[in-house]
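What follows is a set of structures for review.
Each of the next two complexes has chain A plus one other chain: chain B in the first, chain C in the second.
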Partner chain A sequence: MQKLITAIAGRLVIVVPYLWLLLFFLVPFFIVLKISFSEVAMAIPAYQPAFDLSQGLAANFEKLKKLSLDNYQWLLDDALYFKAYVSSLTIAAVSTVLTLLVGYPLAYGMARAPSTLRPTLLMLVILPFWTSFLIRVYAWIGILKPEGLLNQFLMWAHVIDTPLTILNTNTAVFIGIVYSYLPFMVLPIYASLEKMDYSLIEAAQDLGCPSFTAFWKITFPLSIPGVVAGCFLVFIPAVGEFVIPDLLGGSQTLMIGKTLWSEFFSNRDWPVSSAVAVVLLVILIVPIVLFQRAQARAQESGK
Partner chain B sequence: MESFGSFRRKFAPWDDPAAKPYIRFENVTKTFGDFTAVNDLSLDVFNREFFALLGASGCGKSTLLRMLAGFEEPTSGRILLDGQDLRGIPPYRRPVNMMFQSYALFPHMTVEGNIAFGLKQDGMAKSEIDARVGEMLKLVKLEQFAKRKPHQLSGGQRQRVALARAVAKRPKVLLLDEPLGALDKKLREETQFELMDLQYKLGLTFMVVTHDQEEAMTMADRIAVMDHGRIMQVATPAEVYEAPASKFVADFIGNVNLLEGAVEKAGSGEVEIAAATQGLTIRADTSKALSSGQNVWFAIRPEKIRIGREKPVDASFNAVEGELWDIAYFGDMTVFHVRLDNGDLIKASSLNAVRKVENPLTYDDRVWVSFDTDAGLVLTA
Partner chain C sequence: MNTTWSRFNIASVVLGFAFLYLPIVLLVIYSFNESRLVTVWAGFSTKWYFALFNNRGLMDAAWVTARVGVLSASIATVLGTLAAIALTRYTRFRGRLLFSGMIYAPLVMPEVITGLSLLLLFVAVNFDRGFWTVTLAHITFSMCFVAVVVQSRLVTFDRSLEEAAMDLGAPPVTTFFKITLPVILPAVISGWMLAFTLSLDDLVIASFTSGPGATTLPMKIYSQVRLGVTPEINAICTILIAIVATGVIIASLINKRREVQRIRDEQAAFRI
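Then we have the complex of A and B:
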């Protein structure tokens, strides 16, 4: 009896998260998918249901035949969408590289800090999460705007005479993404550096490597799993980022998150915006699968 | 000619006053904060010597090697290699290679890659590297494992890779920090002889750290016994065993009975000691200058004590009676623990030279233990 209970409990522990995923990921996804096949309507909700279970099977079958790929065709026809996807991917990629350039030295410094100091440093990296993401992005407006803190400081230091235009440009978007996603880059790299055995570096030096060479030949290759994880953790959400380009970016900043938002709320075209979302998901599946593979491989060789 | 133990090879530059030491530690001290890991230590090691550092955990053995390899700088004193002061020379420019206590194999490189690492660093030509790597793989018998990663190897194989990697550069000095720590007894004994062979063939100078005294005795030309950052004695294995310089060394190496007593009569070359142990008078050969009444210790190894039921013919000295308290059978020999009537224990061992014994000694037997005048050593410290 006792055994049975533990067995059931064991199953439950596994089943519950999957139920959760089913309920809050797959079901909404299928709703979006369904909407993306429908036609737009001036109504609430703002689409003509492609099928409706209350009308019986036969009626639904008729509707199923009428299922249209029109919305997807629409995405292909209008170059705006294609540009938005490409631009999103580019901005996300550039931001990921920038985040890596900032995050790696930070993680390295943390991993090499005295072990008594490390928990504090780790805390400091996580600390920004204690305030709302939205508020932190708003704060950047205050820093980057023409009469903002940054320009005031640079002018006070006589580095510049006229204020720099940073806000409402892609630069501001990069700054925003790098700032917001830095912890996601730092933490996995730190984890992989921290568990590295320092005697490997000593061994490399012993065999004739100056410290810098030892870094490139030993430390960096061994931290690659962390780098890969960090890059995906930044890249994947950055592609669909909406808040940062909306608040910090300008009118020329083209990102798919913004496009989706305006289709949904400004144009009230739910079917097209759903199609935009579905295509975004499909695009992101490639890096997600790559990420899973890399994780599995890292786990394999870590043994 | 009389000597301690048997000779392995005729090699004793330390007895030659003209010989120049290859590695020289001069009053080296290393402190970590207010903790002194190595304390005013001086030591000479000669070219082509197989030198072992022996001592309890934490006594500073690794620290000593790490200073020679360049990972730590001495707080004071200096280290000379072939007459050159090593201070300030970074590890990657010292002609010294180290085999790490943890092996420190590069996990992302194959066995080949690990061995070739140091050679590539030296800018050696590709063909030469390949040849050397092949040679090293053959030396450590890992030819068929060349393409494996370290995590696909057994502990013993990893240890061999670490050895091959450290030897590949043909360093003048090879430092080995507990090289055989992870191996089982049998593989360990095999590898000990392989190491000795390798050292001899390549003509290198080895400094080996070990916990295991048998290992040190088997392999080394000389042994340094360390305690709390100091060297207690440097001598050949046989000397360390048969002529320990102090109680500490006698006790640290092998089994020993240490009997305390006061000098009764000090003559030339001989001494008579009244042992604190009940009614035991010790007569022993000694070259030490002792004075009457002086407190001394008599150190005697168990295998140099005779044990039997019969009372020795002359039981007035070097003989005492007791009860057999414990018997430890080791196959090749048996160790008897004899409890004297005042409760003191004396260990005596005997070789099991025959398979069957008539009327063997057994628990609670009354026995006599006795020894010769040259069987033990009088120690004053």
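Then we have the complex of A and C:
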């Protein structure tokens, strides 16, 4: 009896979360895929189903032959979508580099801090991560707008005479992404720097190595796992970002998350927005798989 | 690393934290601004906070958000903890690769995709959209975050404790509740808090999966932000920040006390 309970409990530990994720994570993707092959309809649900299991296999095979690739054709024909994908990838890549440039010195400074101070610093990096994303993006509107605090300050300091236009440009989007995703970059880099053996640097310096060379040849290579994890954590979600380009970007800011949103909520074109999502997922699948591998390797080595 | 904290290091830490905190601090300060013009300081006032309580729509949204948050965080914590145990304790089972993939993928999945796919699922099975669909959606993505948090604690867990309990005749289920769970409890609690704040925070997934009568606070804030920056939004944001900051600080203090107690216990044990 006891054994039976144990066996059932052991199974449930795997089966319950497994089924949940299958049902609410994996199955929905296949539905998106299915709808992306459907025709748009002026009804709710706003599509003509491409497959219908109730019609039996034969009927579905018939349908398979005339599967509608119209939505994908549409994505190809309209240059807007192509531009939106390219621009999302570019904005995400530039922001990732910028986040690395801001985040690395911060993580490095934290790792070199006196060990009594480090837990506090760590908590200070994590704390903004807990506060609302929307609020943190919103806070920048008041700072960046033409009559905002940044312009007031710069004019007060006589750096500029006329207000700068930052809000509703790509610059504001970069600032927003760097700001929102900074903890994701800092934490993995800090984790890899913190466990580094500092006697390596001392040895290098004893042998006459200048400190920058020592950093570049020893510290940086050892922190690469953290840098890689941080870059993935910033890049992948930034490609599909919606809130930042919507609130901080302007009309010329093209990002695919925004396109998908307006395709869905304004144009009510479910099949096309599904096709947009499928293509976005295909683009992101390589970085996501690479990220998972890196994550799994880190877990293994942590054991 | 024990070494000199160079001037460059100090400067980068100070500047980094200034960048992280200045926008939030300014937002909090300007929520106490008398003037309706958000960027012109016209004296201290708490009137925007009182205005909030008379804003019926905002209060309703806050109540929906709180209920979704507590419910989804609690279920996500159970599911996420189970998933973490499955990942660390069962190194071989059929479909493990797919399982770990489904745990890590939602962490980086663009929210627009998660939101859209869940909405299409709910439409496909004819499930009325509203409170429950938002809750289900939040459980799904936040259980993965809980799983990662708990898993990182389980990896460093000293398994000899469990083995000792089982050698003394405790069945695995009892061992889990008497030994494993108390040890990983801090991670489970911070997993719950993370799940709760993720739910409190989410705009995109809620917008896709919500229906009439289930407007969450972020959805409400978002629709007002689009109309412009107002002191009321600053005030509601300040309240949210205060709630989260208090929670995190209390949690870390509890953690610290437990840590100190643990070290003391260990030393006492060695003395005997």
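Please note the rule applied: the second predicted complex is superposed on the first by the 261 of 303 C-alpha atoms of A that agree within 3 Å, B and C clash if a C-alpha of one lies under 4 Å from a C-alpha of the other, contacts with A are read in each partner's own complex, and residues count from 1 in each chain.
Note that in this section a residue touches a chain if its C-beta (ideal position, glycine included) is under 8 Å from a C-beta of that chain, and two chains touch if they have at least 3 such contacts.
Predicted model only: the values in this text are computed from it and were never measured.
The superposition on chain A brings chain B alongside chain C with room for both.
Annotation: apex chain A, arms to chain B and chain C, angle 80° (C-alpha centres, rounded to a multiple of 10). Once the two complexes are overlaid on the shared chain, A:213 sits against chain B while remaining clear of chain C. In the superposition on chain A, contact of A:82 is made with neither chain B nor chain C.
Of the two partner chains placed by the overlay, only chain B lies in contact with A:205; chain C stays clear of it.
In the superposed pair of complexes, A:280 makes contact with chain C only, with no contact to chain B. Shared-chain residue A:134: touches chain C; no touch with chain B.
When the shared chain is aligned, no partner comes close enough to touch A:153: not chain B, not chain C. Which of chain B and chain C touches more residues of chain A: that partner is C.
Our summary of the superposed model lists a minimum C-alpha distance of 10 Å between chain B and chain C. Touched by chain B in one complex and by chain C in the other are residues 303 of chain A.
Only residues 69-71, 90-93, 96-98, 100, 102, 104-108, 117-118, 121-122, 149, 151, 165-166, 169 of chain B touch chain A when the two sit together in their complex. Across the interface of their complex, chain A is touched by residues 1-6, 8-13, 15-17, 19-21, 23-24, 26-27, 30, 38-39, 79-80, 82-83, 85-86, 89-90, 93, 95, 98-113, 116-118, 120-121, 123-124, 136-137, 139-140, 143, 147, 151-152, 155-156, 171-173, 193-194, 197, 200-201, 203-204, 207-208, 218, 221-222, 225-226, 229, 233-234, 237, 240-241, 244-245, 247-248, 252 of chain C. Against chain C, the residues of chain A that register as touching in their complex are 2, 5-6, 9-10, 12-14, 16-18, 20-22, 24-29, 31-32, 35, 44-45, 102-103, 105-106, 108-115, 121, 123-128, 130-136, 138-143, 145, 147-149, 152, 179, 182-183, 186, 193-194, 196, 198, 201, 232-233, 236-237, 239-243, 247, 257, 260-261, 264-265, 270, 273-274, 277, 280-281, 284, 288, 291-292, 295-296, 299, 302-303.
If you check the complex, the residues on chain A that touch chain B are 197, 199-200, 202-210, 213, 217-218, 221-222, 301, 303.
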